[in-house]
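Okay, got some structures for you below.
Both complexes shown next keep subunit A, but they swap its partner, so subunit B is in the first and subunit C is in the second.
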Partner chain A sequence: MPSTKTEFLAPTSIDEALQAISYEDAIFLGGGTSTALLYKTRLIEPSRVVWLGALRDLSGISISKNEIRIGSMVSMSKISQSNELSQLVPALTTAAGVIGNARVRAMATIGGALAHADPRQDVPPALIALDAVVATKSSGGSREVPLAEFYEGFLETVLAESELITEVKIPVVANRRSAYLRYTPTSEGDYPTVGVAASVTYDSNNKAIKDVRIVLCGVGQTPILATDSAQKVIEGNANPESLREAANLVKQAVDPHDDERGSADYKREMSEVFTLRALRECLA
Partner chain B sequence: MKINFTLNGKSAEIDADPMAMALDVIRDLDLTGTKEGCGVGVCGACTIMVDGEPVSSCICVVGTLQDREVWTVEGISEKMPDLIEKFIDNEGMQCGICTPGQIMAAAAISSVDITSEEDIKKYMAGNLCRCTGYQTILNAVEDYLAIN
Partner chain C sequence: MSERRIDAVAKATGIAKYSADIVLEGMAYAAATRSAYPSAVIESIDTSEAEKLEGVIGVFTAKDLPGGNLYGRRVMDVPILVADRVRWLGDRVAAVVATTREIAEKAAELVQVTYKELPAVTNADDAIAPNPVVIHEAPWDYKGAVAKPEMGPNIQALEIHGSKEKAEQALSKAAHTIEATYYTPGDHQGYIEPQACVVDYKQDGSLRIWATNKSPYRLREQIGLVFGLDPKRIEIMPVVLGGDFGGKGAPGEVPLCTALSILTKRPIKMALRYNEDLLATDGRHASKIKVKLGIDKEGHFVGGTFEALLDGGAYAGFKPVPTVNLHGIVDAAIAYRMPEFYVESKIVYTNNQPKGHMRAPGSPQAAFAFESALDELGKKSGLGPIKIREMNLLDDGEVNAYGDKWLEYRGKQVLALATNQPKEVEVPKGWLYGEGIAIYARSMPAVPKTSLRLTMQEDGKVVVEVPIPENGAGGQTVVREMIRTGLGIESDKIEVRQVSTSSLPTDAGVGGSRVSLGVTVAVANAIKAWKERPAGTNSVEVTTNEESDGPSGAYCAQLARVAVDPETGQLKVLEIISAVDVAEIVNEKAHQMQIDGGAVMGFGFAVMEDLLEDDARVWAQSMGEFKLPNMADLPKLTTVLLRGGKGVGPNNIKSVGELANCGTGAAIANAVTDATGVRIRRLPIKAEAIYSGMREGNN
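What follows is the complex of A and B.
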């Protein structure tokens, strides 16, 4: 346990939370699955912790004709068990349902997951493949950042220190399919060696492909958006050859490192294998 | 800081550092059924139930339990005697260190949709048994779900 006393506040409104965070090295606490660990091991010693769980405004999911809005304090278990979401955005519900273990999924929040910015996390690639946008508030106002432009490096995002993620917005796109696949050679609860999210959007006749997104985790400092691979799939209208070419091209987009989940070469190979499988699942 | 919550069905007020981990606070209340295993939220030995869902008490900041409904293995043993009986019937334990966590995970299993044996395995996968006595644990959980 850290030796210095850390103040604990549980604001009940966004304004209160923004006021509370503007203090020395205060930090926000969501579900705590990452923050409590960092705190316990003294990797962080904040003067004040601002817990967001008492803030009811951040805990809802709303779905309209054009947009899904998920409050930043919504848990992974709630996301993974939403039937409505699994119809509209299966890549997201699949990713949310395979994180860690049941206890992590019950505690971990979508806002916390994005702010943490560990490149091995399952949910960010799914959300990027679905064109998600992060909405934030700070004392300076509010802004919206596409998740594809949110990550700057390992554990680093564009968020300012006192900026609060309020919600994640996902467009509801007609004729879009999505899938998420992960590969864990070790235990079920581990981070993946590689995870691949794919989305494929067809035109209004449901015949020609107009948009493809392929996003990988575990194989770089941030989630990797494989745009050249996606372009191949569009050009070939997802014929079998285009899928194989796209999967092969992924090896040039990723930037993996050796660790206990595999060597860099192995991760590159698995990126190809799982990209192909994710695309096939998306198109099935 | 004073923290008020429901503990094993009764209202409780404790005076604790809100940044202490729930595991330590609960054990200091002489509820020592909750065990520390890995200490990093991986093994499941310290599982408690918060608002019906399983939580790793070793990485749960106790201040976040304000106004919530908390169950430990002591309370669940009284509330769900059938579950305990199924663990005994099936010999769903070996050395016993993971058993309270296994029971708490099983007790919280109704918080998710379970439609197959595979679902039970995936759900229970978060609770490690270093004796590797998984089959008898799964048998106990399946038996329990069959009667509930």
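What follows is the complex of A and C.
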């Protein structure tokens, strides 16, 4: 049940937004899909809502030779429908294209998805697998945080109370392939039992593997970066045995709990199955 | 040709008036403070903080109530506001009236209640264990009760058919038997429109009600009984319903809002938010059904026992029929030749959400248990799923296990149709494929009481006034279709208008697969009366008093094609084929919609729907957690109609509204066994259960 009175502001510049947020129990509102969930379950009861939809600066995608920059107010449907992005970072466009449903994707923003920090979300593992960095602004200045260091716990991030995500930066890496797979056995519209994002980067000859990232969602309090598994793949140069070992090792990295999407044991088993599948899709 | 739905444009454009759209002058808003415990004694209630909130008009508790405090559809055991002991988390302990909905909801949270917690009965087994917590001291004292002291504590209803001794004796001589127990969870009807109402009490003692209720004439009686009002002074106003599926038959918050309107001398509106609707309305009973079936050497049934234990929750008052039971349970073997059959349907009180009616009450649970057990017996005996059904389906001229001889039995024909369709689905590479069959049969209802007025206006337009609410199934469109064909008038010259309970004498309400039958009889009567009307009259009014042509019924055979991922246990239902026994069809599109919608509902029941009731709580607190099938989840839906049946009524029809949602659970579970060898005896079917079964070699 909502509180009886909430102030609604729609600033048109970042400075205005930062000014508006320095108020007790004020929150930023992007597309509203995460905020509405938190609001209805009464995890938040804001006295002031600062809507970011009027901020033109946050709604663009720019792609250069070395870097992809996505404004924090860019919608999931815009990301998932970008042909250029799907060539460069398929893990991201896949993840953005499977969340919720078409109505949710049209409203949900990338900045909101990151700030929400629900560990079942699909987009964060994809972005971590792609080495994304979060750029923020606050009255104290600007900073950049690697997404791999962004999450601190369930619904917890390193963001300060009045810090605004302005954009997400993804390096454009030559010879990198990526994939995202989610497992939703009950309904397509459900959160995943487990989701796995993987990226594999080859050297300039496209032969030896330089870097591997495996990141899982739905199986811990935050997205889980499975570094030991990634190391196995690099060491075996992605031979079939190394992929199986890597997938098996994931079971030690995850920390799932029982819920209606499966028991902890089942989620651990499925983490293995889908890690192997995600790696194979990357290498196919 | 099918008529376009008469409510389509109004609903699509937003013109249609739902209960929550009604705004009256001087109207105030109500919200309830619900219990903090599933089982507790109220020690004190402090409303002072709530009263202080600006905009609050009044805060009321049981001691303030102007009339009786108990209501119900049959058993009057549901309190409007609890005075002493709460029995579930949805119990209302106080109610706030305020100038806005938000203020009312906020104030409802500020009511301070001190409870002394009592032990709770969280499942049906515990309710009938030795020395259980007694939830109602004397349930037999409630008006309308069927419980008796000799039944023991915590019984809402107990219905028995046949002799257990005779059935067990027959089973002892069987060549093959199966004994197994099946489970289904509490469910919600999943309508889009949460329950809402507006009640306006006038000082002259008259009452007007707009409510999410599909049985206006019964609602009028129920409210009259509670408040000592003449039902004729209560007018239930016409509104559109946003879905029903059995859930819009209970009085909802109308009793509370009537009391509040009397107390505050204002019109009162109360609309539930969806989470409150999931918590505090009346869904489908969770079931535990123990089945024993036996066949002789050839495969003929020799007998069976069918013992159902249903979790009725805190109150019995949401079940409308005189037995306070679910006839779908009792009718479990209606499709078959069954010599000695013992059925026991026991519904118990617990501290869970009270349960009521949901599309084909009891049948989805019963069909899941019976048709799964039959499949298990088919496998065990070597007869297989088709042969064992063929051996036992009734033939014309026979009497069923309940002593009725239907006009015809077409189970064998629909079974053949369902199993002979070409396989045109693609199985994902590496996945296991399986098929499963289930049969469901349903007896035709008696001709329901209804009424109708037909008026020819001066401009040549025909106005047909009807008492039936449009619950989404298209009953009013059927009326127009029949007037069009019966009187030879174009559709655009016919206006079907739902009117209030003060405008027409009677109606049985929407439900029980009976609307089209009632409507066809009423329209036929109206057309006859119109043709025979005295000169100079331009209006005729009719009611239905006919006997049914039956007993009769309809069969539906469903075949599910499924694929299972052997690495994960993930189940994909690829196709549901519904072979349906029909006579004439009044509106092809509406008829098809009932079959498709039924199969989707049966699919949801089979693989995902679950209120997640545990520890006397409903954990599915939003549509994000309470999963219903969406378009992406749906299998291919195939319908095969077996036409030419012997129907009832002037239009020679068979019921279809509660056919295709009943066998689906068993059809899918049986297909999973066919694909994997794993037998699933608990719904919804979870990938993890299949996975574990495959790992353990369970079958």
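Keep in mind that, in the parts below, the second predicted complex is superposed on the first by the 278 of 284 C-alpha atoms of A that agree within 3 Å, B and C clash if a C-alpha of one lies under 4 Å from a C-alpha of the other, contacts with A are read in each partner's own complex, and residues count from 1 in each chain.
Note that contacts are C-beta pairs under 8 Å (C-beta built on N, C-alpha and C of every residue); 3 or more make two chains touch, one makes a residue touch a chain.
The shown structure was predicted, so the numbers you read here are calculated from the model rather than taken from an experiment.
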Which of subunit B and subunit C A:V273 touches, first, second, both or neither: second
Partner chain(s) touched by A:G262 [first = subunit B, second = subunit C, both, neither]: second
Partner chain in contact with A:K40 - subunit B first, subunit C second, else both or neither: both
Partner chain(s) touched by A:V49 [first = subunit B, second = subunit C, both, neither]: first
First, second, both or neither for A:T186, with subunit B first and subunit C second: second
Subunit B or subunit C, by number of subunit A residues touched: B
Contacts of A:A106 with subunit B and subunit C, given as first, second, both or neither: first
Which superposed partner A:G32 touches (first subunit B, second subunit C, both, neither): first
Where subunit A meets both subunit C and subunit B, residue numbers: 1-2, 37, 40, 101, 187-189
Subunit A to subunit C touching residues, read off their complex: 1-4, 37, 40-41, 101, 183, 185-190, 193, 260, 262-263, 266, 269-270, 273
Parts of subunit A lying in touch with subunit B, wherever the complex brings them together: 1-2, 5-6, 8, 10, 29, 32-33, 36-37, 39-40, 49, 51, 53-54, 75, 77, 81, 100-104, 106-107, 187-189
Residue numbers on subunit C that touch subunit A, as the complex places them: 55, 100, 102-103, 105-106, 109, 273, 275, 567-571, 607-608, 610, 612, 619, 621-622, 624-625, 627, 629-630, 632-633, 684, 686-688, 691-692
Subunit A-facing residues of subunit B, complex: 1, 17-21, 39-42, 44, 47, 50, 53-56, 59-61, 63-64, 66, 105, 108, 111-113, 122-123, 125-127
